[in-house]
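Got a structure here, written out as structure tokens. Questions coming.
Should a chain be cited, it is by its letter among A, B and C, assigned in written order, with residues numbered from 1 in that chain.
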């Protein structure tokens, strides 16, 4: 009895003298709740995409469809309903909470405005949400952000995101500021919430290890362009795009018996990025050819996925 | 292998008002000449404080309460400031956390390095300085062109290489690097990690690498120590620690690292790190330890025991 | 969830915050000391005004230029007026001018700064230009110019005049605050939680700005009192009333220093210095509170 929720983004070009997102198209399928990973290094545009989906930034080109409707054309009422269904958790649990109020503040506001069942008592809604993220209400209610640990704060942000019973939670690097032992817990929590609450996640990260742990589908971004989309297992086990391959071999494996043997060349390029014709990965690609410079490759179907590379 | 740096019973505390927090609590550590030594642990375990105290960089409200830091036969903590100045940068170089963001934005890269050198070796000639800098830059993978640029024109990875070059310019024996790869992308991180390994092999520089990233430790360090709540809980060769972690905290820590391609359910560590203002009695890890033995762990603080000649653990499980 | 809801909710939320802020102000020793010192001076002034006969401030009440004595605690001025009474009156009047200038300057400046910072774009550009002009212009000279064109000024008018230049610094500060607050993650989160724009401004952003606005207020207050003194010494002040500056104008224009009539020129100067210092201490205290607060433990 699940409604098909589909978020489909197509074709943005976002120019601020630096192209942050370049004609990106991808879709998160509805039906079964999944974790869709948007992976890329810093500067790849993934946070920009998150903000666009959350309607904090307007793209210069393109549309985003949520369940078939273009979110850019929403009026304020429709936007409010959209926000109920698409929530978010951010990277920094320290700055995401207003330091002058206890944590109940943002929970109450969300509950008051967005709780699904308007007849329920607000405190009940809050307590329920806290319990579902593994927090004991009596331990955190009334406390100020600085009195809680990073892990607790992040859980509170997750609890807040769950209150409106969203269909999609955009999680932008939710664990990168947490310690290793905490990461596992929060990631497990995400998987549990996906299964129990039926919420899909758009998990944005640069860490492919965590991506492979929680992800079902994955899209790899490189400097604003999608280079590979497919299932997480496919991509991790058999990366097709040269950039994906580079990423995979760069992940440090926590096993001293499996150390990096060869030295890979990592030519650095400066931070300045002008407009480039042709494939953006040309400079660093070990498999590049002359025609790669002429025009950027489009996404083409290779087996069960899409790769943007002339090799295929 | 000879011991290059020996830390003995070091205790560093932060005092605010009536409260005293022991950031580093009676720590013993040995680093051998020529090795890469890793210091691991999660946030607030004391590893940065430990690094800072080696070169006596602790400022109030922090205070080094007791202990010795013996480098090349001399206790650094007992030296006068002028003598310590000669050791800093010339013998022991330190790269603090996020130092790549601490480059002076209004000076060109070359000028900043020149400043450092001139502060320590006043008599050096312009030519020699230039030559040395260019050679050093090439060996850290930077083109000499970078010398003429400003920090903001460089990417994160390049800035980190500049910092590493700056730290090596006076040919130190020991390099202490605190979280050198944390803010970097994974590809760039690999480059820096590789670079550190090369420096160790090519120039024979002993490296003390401090990071919470266990995977990075696994990739390059020879021996490592794990800290928790200001104490060292386990120390030994990296391979042995990963293959057979002894301390429950180490076991849980290694089990919580996600590996690409593996879907096995990861275990976190239940509970929270201890509030150092009010630490638990006995072993600081006991509230979260799945293997704790009621009486002893709650009352008695375990000391580091040498299990083999290479391995040490601070846990009652190995201390019957 | 209408706009009418906002004032009520804002009130209840902010009442608690208000209570907390007041208690943190009270706990700070500098703030309490400075504030109490200043308020006691005012109180003392009122007491003096009430104990001495009404006529003592009128011309010809007593013999002119009498040195301090039992009967005339601070002596009399050239017109035979009781100096201590004039002093009390001027302290109160200067305070009034300071308050008017500070309130208007801080409120107007904060509003302008906030609107610019929050909305950005063209509005910000114009407002910023406006602010920068007022900021860079030598305010004292302009005030001299304006007040010399106006024949007589009342206390209130004086306050308004000074406010004309007092608003630019708060505007700049509040603008910077608004800019940085706008981008904070908790603001984004508030929007995601369904808070309307107005609610976000008053409930989430305002409490962060109030400490700075308070500091600005005290700053403007001090500056206003000194500016008024400066203008009045030049003879451009509210001549009909008595302010600290006017009180100084009289002795200066009658060569009191040269003539050794110290009880005429010393009291207003000492009073000015004292008022300045008490307010300065309050300002130090407020700065102390702001800094550790914004760096949450």
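By definition in this document, a residue touches a chain if its C-beta (ideal position, glycine included) is under 8 Å from a C-beta of that chain, and two chains touch if they have at least 3 such contacts.
Since this is a predicted model, take the numbers as computed values, not measurements.
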{"item": "Top-ranked pair of chains - ranking by C-beta pairs in contact", "value": "A-B"}
{"item": "Maximum centroid distance from chain A, chain identifier (CA atoms)", "value": "C"}
{"item": "Cα-centroid distance, chain B relative to chain C, in whole angstrom", "value": "53"}
{"item": "Inter-chain centre distance, chain A versus chain B - centres from mean C-alpha coordinates, in Å", "value": "32"}
{"item": "Complex contacts: residues of chain A adjacent to chain B", "value": "41-42, 149-152, 179-185, 187-188, 206-213, 236-237, 246-257, 259-260, 263-264, 266, 268-272"}
{"item": "Sites on chain C touched by chain A in the complex", "value": "1, 17, 184-186, 188-195, 204, 207-208, 296-297"}
{"item": "In the complex with chain C, residue positions of chain A that touch it", "value": "54, 56, 80, 83-84, 87-88, 90, 92, 95-100, 106, 109-110, 113-114, 145-146, 157, 160"}
{"item": "Complex contacts: residues of chain B adjacent to chain A", "value": "42-43, 141-142, 149, 152-158, 161, 185-191, 193-194, 212-216, 218-220, 238-239, 242-243, 252-254, 256-263, 265-269, 272-273"}
